[in-house]
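After this come two complexes, each holding chain A, first together with chain B and then together with chain C.
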Partner chain A sequence: MAEQVLMLALSPTMEEGTIVTWHKKEGDSIAQSDILCEVETDKATMEYESVNEGTLLKILVSDGGQAKVGDPIAVVGEPGEDISGLDKAAERKAEPATVTAQPAAPEPTVAPKSAAPQPATPQVSAEQLKASPLARKMATERGIDMRVLQGSGPAGRIVKRDIEKALRQVASRGPAEAIGIQGPAGPAFIPTAAGPAAKDERVPLSGKRKIIAQRLAESKFSAPHYYLRIDVDAGAMMAARQRLNALLLKDPVGKVSPNAFLIKFVAETLKKYPVVNSSWQGDAILRFGKIDIALAVAQEDGLITPVVRDCGSKGIVQIDRDLKLLIDKARNNKLTPEEYNGATFTISSLGTSGILEFTAIINPPGSAILAVGRIHNAPVAGEDGTISVRSQMILTLSCDHRVIDGAVGAAFLSDLKAFIEYPIDLLY
Partner chain B sequence: MPVIAFRQALRDAMDEELARDQNVILMGEEVAQYNGAYKVSQGLLDKYGPDRIIDTPITEEGFTGAGIGAALVGLRPIVEWMTLNFSAQAFDQVLNNAAKMLSMSGGQLKVPIVFRGPNGPAEYLSGQHSQSFQAFYTHIPGIKVVAPSTPYDAKGMLKSAVRDDNPVVFLETEMMYGLKGEVPEEEYLVPLGKAEIKRAGEAVTLISFSRPMQMILEAADVLEKEGYSAEVIDLRSLRPLDEEAVYSSVVKTNRCVIVDNDWPTASFGSYLGWLISKNCFDSLDAPVEMVAMEDVPMPYNHALELAVQPSVEKIVAAAKRVMYV
Partner chain C sequence: MANYDYDLLVLGAGPGGYVAAIRASQLGMKAAVIEKDKPGGVCLNIGCIPSKALIHQAELMRCGKELEEIGVKVDASGLDYGKVLAFSRKAADTLSRGVGYLLKKNKIDLIGGQGVITSAHEIEVKGHGKVTGKNLLVATGSRPRSIPGFDFDEKTVLSSTAALMLEKLPKRVCVLGGGAIGVEFAHIMSAFGVEVHLVEMLDHLLPLEDEEAVEVLLRSFKKRGIKIYTSTKATGYKKSGKVVKISLEGKEGKQDLEVDQILLVVGRVPNTDGIGLESLGIKLEKGFVPVGDYYQTSVAGVYAIGDVVNSPMLAHVASKEGEITVEHLAGHQTPVKLDPNAIPGAVYCEPQLASFGYTEKAAKEAGLKFEKAVFPYRGAGKSVAIGKTEGLLKLLVEAETREILGAHVVGAEATELIHEILLAKTAELLPEDIAVMTHAHPTLSEGVMEMARMAEGWAIHV
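Coming up: the complex of A and B.
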């Protein structure tokens, strides 16, 4: 019997996906685990592995088209089968923000071709869905949308192994080659642009752009931010780094980055201020049991925050090795959701872009983010009035006032400065 | 370590307790001069005499009541029912006297008594003599119900039962009296209320007690050969029940098969299935399965008699259902 192929939730926060390219065309035969198409999610491009067998009878959402999780994107069955009733893409509600504002604009890419009254695609509610209690719990915890899974238990019951399979798929997918994203290619010399193009251009939102917009707006508009700025002498830290790197000269992984030092100093300071390592939960404040620090990493088409787990119990070298792996994956769009979600604190650094200081937007569920400026030489007036040139760095802490009061944020930042300037203090 | 039969382990337990405590007596049909219908009390009359090893008339209600009366005034009787089928005659004594005295006297009257005998089907005994009584007795608050599956546990638990201040129904089975196992010479006790993990595994939890333990261990072997490691739990004690041992295993394996050689309706196994469903709900990947006796009076025909009872094949099939393989 012919069946609809539904858009899968390929990441926990994915609500809709864009078909980058179909690997199969109508009429092709499909085996289980064949790659049907590539889907751009909110965070990465994933391969869509078939759970169906048969012949691809119809593609409902073509290259470049978008579909919400759970919406049909194709029909698979036996050649010649009657697929009436199955061959309609889901009705997409016009999005007021983008469409009604400019009624003349062309419809978004995927407007259904057919507006004929369609038999509703099975709208399975979570209650009606057949799944074992364990599978439900796992799906909730890991952010899997069970509506798009095919259960392998009796009568299609979704069971543990189906969730595990979905998790494996999410974890192993995400190659970036198909859409040509490479690691940062180094400075490129681009001819000076000839000024703005003659016409305005509407750029459709990528899934990632939507998520970034939604999450940051939510954070900035709901968490009352305040900002604390402090000047830090980075000399001792840089000297320690130089000494460590000399020790690691023969280590194939290479030099330890200043970020690893910063993460460690922050982790140690968070141990003294658990309130900064907390989350506003609406009816309570959640004090995290572990210190999981994210570092904001720029990507060609957005940014992502890979998380170094349990920094409180790792040394600087270990943090650095973890970080290198994560950054590499981030730049290749290969991070799994477990690797970029749930940071308890975030660090954002624009020092390499030459920025002296800036303020950052808190990355939920954390309650604070540290913005790190460029390490630079600056004249500093000593306590005795003499002026010397020192290696300086400006740190700006954004705090959620619902969780962290000003005095606590200030004490945290001041202790962080002390650790950076006198690393030996960590041992006291 | 000496290897002895289940009946010998029971005999040794009674012998040791009779020797240890003057207040312990044994009473029942043919326990003295005939040395027991199943020879469990072999030699005890010669050793302890007719005042303590007492042949009773064939009147279960009478001698069960007499035993309860003796317990109320300070003795610690062991009452042997020739089979649990006959205990139906004595049910009122257990239900309304033994089980209730402590509570209804406001804690003033205790009934330290052991009722023991073979329970469940043997062979060629037809409908009236092949019944399982675990559901009837575990239903009653105020008594303990235990059902060991090895000579070691039989001895250690019977000794604990004799020393317990509550009425204890001690379930044996005729088919296990010849079962041999290692039993140490030195004295030991096995507490009532503790299950035993007979075999650790990850893929599925198999739970039973008494005679079907042999089947589930065999079923675990079959599953092992097919690549599934089953965790096997011997409950040993039905009331009190070692819930912790059961839940921690099910939480680990996410699936469970209960084997209870009794009718399925309102059975001990179905009660345990409810407990697991309630307490391990979020850990279950499949409904709890129960392999029970078919819901019919026991047929006399031997092929049918075997067909209505749990078997290794039925247990393996149920395990595969909950593993979805």
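Coming up: the complex of A and C.
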């Protein structure tokens, strides 16, 4: 009997997929586990393995077309079978993904349909979801948004294995939570366009871009952000780093990065301010038992936040080694969800891009993110009125006001500054 | 597409095969079951059902003692074990006929005769001819296992089958094998006044069960005068006249034991020979049919379930496996196999023992972080009221996620009580969900609630 081949959820957060290329053509015979086509999901391009057997009778969604999860994309059966009734794609657009603006259109710009911001997230509350108590508990603890999962339990209920699957999904799917920086800038030198002005182009959203947009908007629109800026003298930290690196000269792993120092200082400061190491849960504030600090890492097509676990009990060298492994995996799209989900605090640094200071958007489930600017020489007026040139760094802390009040955020930042400037204080 | 006589052809009408056939019929498949004996298999005819009938009778005997405590004079001298047997056979026959009726009602053909698989789509049935099916389901079950030196002659060395058919009980019996079957027979025979010696090779009875739970059972058995020999092997026997002398070898050395009969219940062997599996190129592993997801064998379209595959040899496992296969064939979404940690096991002696999932020992060996709660039966008022205070309810919970890892109940009605906990497990409820549910008072089920509360740190009645 002929059957429709449906678009499957190839990632836990996938709602629709774009067919990149069909590997089989109509008339080809298909065995189970054959690669039917490649599908671009919200986060990565995945191979679609057949669960059906038979002959590919009809392709309903061709290369470049999009289909929602559960929509038919092809029909498989015996050759010559009557497939009427099965050979209709879902009632929606299945046009090629790349659509350039109509050249005939006179207006060069399209007015926004509405000035009001559109809702950024699915409007289902976590309580309304069908999920087992165990799955809920695991999702809360691991910082997984259940609203983007497909339940595999009875009647679509989200169960333990769905959470485990989400945790296992390889990092090529990108970050579960987007945070407040963009990927690396484009080429520094853009050749001047020759000839007539280029046409406007509508670039369809990649799945990853959609998720980043959704999560960023969700964080920014639901968490009332405020920002605290502080100038920090990085001299002592850099001197300590220099000394440590001299000690580690023969260590094959190489030099310890300033980020490892920062993570350690933040972890120690968080120990003094558990409120900053917390999460807004709607009906309660979850105070995390561990200090798991993420560092935002740029990827070619987005960004990801690998998490160094339990920083409170690790030394700087250990943090650095963990970080190097994670960053390496992040750049190669090899992070597992356990490695990038559930940070209790996040650090984002754009110093290497030359940025002096910036503000970042909070990375849920955490309630604060630290934006780190470039370490640079700057004239500083000392208390005695003399001016000296010092190694300076500007830190900006974004806080969720639902969890962290201004005075607490300020005290945290000021203590962090003290640790960075007088690292020996860590011993007291 | 080739035309087959049936969509699903099932070999064996035990609890695996007949349930699969009925489920297939419900889902619109045309199904037939091939059976050389009576429908219902070992379970209904020479296993679960008749043994539970005997256990019920045994329990009535034991109630006599309770009656005497309130002054009733019970005269058990007229006991006619032949009538006990007749009662159990009646139960078996009624249910076997019931299966025949269910098959008929679901328009399933019951083909009588020995079936041998001749191809992936065909079974040759002795005295009937060839039958073809789009899919084949092997559900031929198992038979009692013997050990060297103890061949079943069914007169001196009895299998469980013969033990269920006894018209007269021996005065003394040696039960070889302290698994569920051995323990149940020891219970039955002891209740009818037989002197029972129960021998187990491993270091505790019911070796797959939680030691703390088994300990309760052990105490009760010893109190009743059942002699238990653990870490003990039977090396042979001699018969002189009517007396059977059996040689045991244990930690304390060798000893001989005089009994009238030996009941050998050391496990079961899958019925996988002589049914044509080799002609399909299926290679057995330790006698079992290797299967993958949905219990498919290495041959497409041929599935195997129940005692012939390497999963717990339990009737309810066979039935569930059959359902999984058939639902998969019908295109339904189903788990690829049974979750081994959510399979209930039940031992029907008194006190009863029922369990699922990790034992404490297994959880430790697996390196799991867990907490345990053990609630004594006597904490539930009902147990005191009915004089069944012996027993405990034990719950193992993952320390962080609070997932239920396993439960072990020993005591009155344990085999019924286990299911509330198992439902919680399979629905992924947490102990707190059981703890806050109102349970009727007075019931033994209150013990389940208190056990869950204990896991959450607030049991009331301890």
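Please note the rule applied: the second predicted complex is superposed on the first by the 231 of 428 C-alpha atoms of A that agree within 3 Å, B and C clash if a C-alpha of one lies under 4 Å from a C-alpha of the other, contacts with A are read in each partner's own complex, and residues count from 1 in each chain.
Definition applied: a contact is a pair of C-beta atoms (placed from the backbone, for glycine too) under 8 Å apart; a residue touches a chain by one contact, two chains touch by 3 or more.
All values reported here derive from a predicted model rather than from experimental measurement.
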| item | value |
| --- | --- |
| Chain B versus chain C as contact partner of A:K137, first or second or both or neither | both |
| First, second, both or neither for A:L60, with chain B first and chain C second | neither |
| Partner chain in contact with A:K160 - chain B first, chain C second, else both or neither | both |
| First, second, both or neither for A:V76, with chain B first and chain C second | neither |
| Which superposed partner A:L413 touches (first chain B, second chain C, both, neither) | neither |
| First (chain B), second (chain C), both or neither touched by A:I263 | neither |
| First, second, both or neither for A:I327, with chain B first and chain C second | neither |
| Chain A positions touched by chain B in one structure and by chain C in the second | 132-135, 137, 152-153, 159-160 |
| Interface residues, chain A side, partner chain C - complex | 3, 78, 132-135, 137-138, 141, 152-153, 159-160 |
| Partner chain A, residues of chain C touching it in the complex | 1, 331, 333, 400-403, 427-430, 432-433 |
| Chain B contact footprint on chain A (complex, rising order) | 132-137, 152-154, 159-161 |
| Sites on chain B touched by chain A in the complex | 254, 281-286, 324 |
